[in-house]
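We call the chains A, B, C and D, going by the order they appear; numbering starts again at 1 in every chain.
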């Protein structure tokens, strides 16, 4: 008989919280025993999210009852403040905020302000199983990556780990609107966003340092070098999905010069790097975000640009699943020794 | 240990076929052992549908190997022609076409032309478990309802079964574009459909006779009376989902005249009728189609129109799940004695 | 040389205000000399609406300078309060709010609360030129109809004016999201609305009394009878456009019984009624909202439902143009003796 | 009194043809006297495009009657074949196909195959008024640029003309679906495209050589150097609009090193270059495609990427207007000595 782990979801009332509820309610090994909210305390979960009509739990202010695991969907700062106690008590915590992603306090403070629990940074693990599977298995505190970094790092990791990157890498990323959360703002207003397309974050975006941290560490484990990354996010008139089109600059000797050999060697590199990753698929054709909708998959497509010989890598994910709640569940599966893919789908809801 | 049933999907290359593959690949009791196509024979399933990259089966021309169950996603006429042999051999068949939905041959011929296997009509069951659960358990041949009839009948069945309908019922239904299939036509062209909205089928729609057949049978088991139904489908700029807004005319004595009592009695009627239906939820607020996306749910909302005192009933489903592939799997669950909800989700992928 | 009328737009910062700016900036006879806002005073118009980069006017708190005409896009109550002075001073006013649409104070108060200037109701004209062209020509104060009433009344007016309506009329209307304005609310949040569809306003909608007022007056000029109307609005995942599907009940002797004659007589009635309306087109096929995008057109399609013999009428408009700002300009054209279609397009931006 | 020029539209039945009809029907100086089609001969224009109900012309097989100007919306090869005679007869021709865009025959043949009228290449002008205004004024044959090249060239021209480009330029472009035309293909099927996002053309795209031709000519008038351009187009779930995000590599001495000075100098370069262009607006904030919907505008936003100091330039247009039919009308305005902006709007239909 399956072992069942009691899980709490903190701040279930945003999109990441609701997506955690969707995934955990259908997971064979986790049972949601408690959900907390902030503004919606006193209501039941289906009052806030009618699609969860079959998950009829009360929304409470604080975690109640015995739990074996905490998932947090609080925003940064609020997360570290609320979670520090659980971590100190030894309760396993998977946090979807930015509070436990950046190892260097200075970098955190530059983008997010003061950190409420900096002493915990040393023990947290960056929750991208494709890079840190073993560390996550041992971790008590996991910081789930941001959605953009998930897509960009998975697109570029095979190149970085081979030490092939040099010069500037451009990450032109496109995201559905749900990445901006459920809060009310003009840039999430249907009439403003629908049938339209724009870039944003051109003055700097908080997901930039994560990409630099992880890719630089892969490229240069000694830590001497920091990669130059231009990251431009775009808002796409769709709800879910991120597609990152990455334009790295490679060392001259990284790949064969002959176009056909170049393409083959490039794809072999990716196939090898992701051989054991159950959710990353190196696709044969340019992927579309909807192929991942609702699933924990990441589709990656590396190719050679004919006119210039440079490499282009495209990746796509569902930002709320692999880019947030699904990535969190994947980490929790590892932390508790369940199959890495337990309760998670590889098949998008298509079309 | 779970018993595993070997299932074939005939005509996997349309949207209903692909959705059957998605659902069955994640079902604990069914295993897809064979998929057939027409134009795509020789390819593998992920070549046609990249989102099914983890379901790597060859597409063949005809069912091969031993199978315990046939799901067919062929269009009408082609379905009956292809399935007749399996039915005669006693193989359980769940058919998503219109060939086994209408009990009267004449009605079928009026809308679909000649029937290739009319002798099978007598043994087929209309595959709506909420009306015919026991018959489906015993059936060897099930005709899965059309997507519009599923939504309209579930909206109106509690009124019809109570004998409350009289005069005309208006069914104003709105569907996403996937209901029109994967074939290429101008009315499924993105640039024509996006940001737009139109009615169609005003000269008559094939789903009309199904609604009339099932609702009339409920309303008048003796079969004397045929309900008057005006059915107007609309095309909505979204991929999945049907919402049916139904305006029945009720007998004067059907419900109390007092508005508050009327509303209460109406909701009680629905709660009672659907007490044992695992997928139908009588919702407290007007439902939205996205609350059912990817799930086998049907949300129903009956209410009283204040200015006129008349009843309005709204229902919504995912047309490819509860309205097609999910309904088919629900029937198969019953036919094989599995839990009615095995392998099917009640939780939509929201937002 | 064309006469140029100086126009002010009050509350330019919502969608109706911005649409007035778009139309008037390209109008041969009106010149925008002043725009006012509430929260955005001190900015320039393109700071708030970058698409108006070529209409570089400062947003001020109150109308400044000499103006010949006021367009107001304030919400109800605020409109009457602000406009009363201008009306008393004899300045022509075209108001897009609900304040001058309902002739009976009681009806207004039931839906909107206290009226700030009830004494003006007697002199205001309901700004639907297709019904009240001559009165608008003489008016100093015009209340532009709501978007839903525009579509429903234009769909049903030929039947009402012929005295053919009886029993209940169902208006199942579908609107793009811009009808809810630019304010921030969850029901206009992209992720909530996109790829989804729902009904709302089931407990009553403010546009109901307008439909009843105008259609009842047409049907029964003596004023004895009030029509029974069930009105259910739906929210569609698109920005602009309303489609109203209307299910009237007609007197038995209204149309010939023979189906073909019935259809012919019905279309003739519509062709005759709209013979002189430059913006209403009785279409030969079911219209789509996008055919009116950005244009002041209303497409109307009356037809007979074959199974029941009842009449169905479909109409569509761009809610921000014919349903608001364009209707306002059309009225202003009449008030100043310009061609009714001056500065207004009949051609939608399609696809 | 305005002079009126009689214009024919060849192949009115595609999206570019229909958009030409929309613009010319509302143009003060051109009158559509003839429209031709291929498959739809014998119908009237509104039968094919109901939004053009007020432009009731018959669709004929060949240009009939006296005309002063030909607009062609035929595809490549068919265009040159059909237009050669008109050009030889001295009739002004504005062609929206690729046949008269590439000056070098070899380049054309590499992408499009044999050219039906190569002798005309010497006399044709690339129809981008912002680069070739004077030549267009004198031209009898204008090849209207492709939609992607319009957006990319307008984004990068100020840098190229200053001689600042070196190394590789990445053009990551995103387009609405209408750019693929009205033909039926799976990649324009609503259910495949909606709520999804993908890159395409990774093996090479026909619009690449135009960008290289025009930008190289600006950068290096002597013609010695060809720019290295990586161009990746993406399909966005919207109908109209292109946004090009361009990542050029600039010469070290092109701009001041100090970030603030760099930004200022960059914007000054753009303001200067586009000082006389009525339709190009250098915007203060990142533009959105919908700000140009239905208008002939191009919004350009150059900025400096803080982490790397490199320049990013974003541009957006309506692909069917400035990127096709509107650009064609702008050229015709110049050819006939009308104001460059006659009959063309600068204001998008927003929201």
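Observations on the structure shown:
Everything below uses one rule, namely that a contact is a pair of C-beta atoms (placed from the backbone, for glycine too) under 8 Å apart; a residue touches a chain by one contact, two chains touch by 3 or more.
The model shown is predicted, which means the values in this text are computed figures rather than measured ones.
For the pairs A-D and A-B, the count of C-beta pairs in contact is higher at A-D. Although chain B and chain D share one sequence, what matters here is the overlap of their interface residues, and that overlap exceeds half of the numbers used. For the pair chain B and chain D, the distance between C-alpha centroids works out to 46 Å. The centroid of the Cα atoms in chain A and the matching centroid in chain D are 38 Å apart. Centroids built from CA atoms put chain B at 36 Å from chain A.
Residues of chain C in contact with two or more other chains: 15, 176, 178, 182, 191-192, 194-195, 237-240, 287-288, 290-291, 293, 351. Against chain C, the residues of chain D that register as touching in their complex are 15, 18, 22, 25-26, 49-55, 178, 182, 194-195, 239-240, 281, 283, 285, 287-288, 290-295, 297, 299, 345-351. Residues 168, 170, 172, 174, 176, 191-192, 194-200, 202-204, 208, 228-230, 232, 234, 236-241, 243, 245, 247, 286-291, 293, 303, 305-308, 310, 312, 314, 316, 351 of chain B are the ones that touch chain C when the two sit in their complex.
Residue ranges on chain C touching chain A, taken from their complex, read 15, 176-178, 182, 184-186, 188-195, 237-239.
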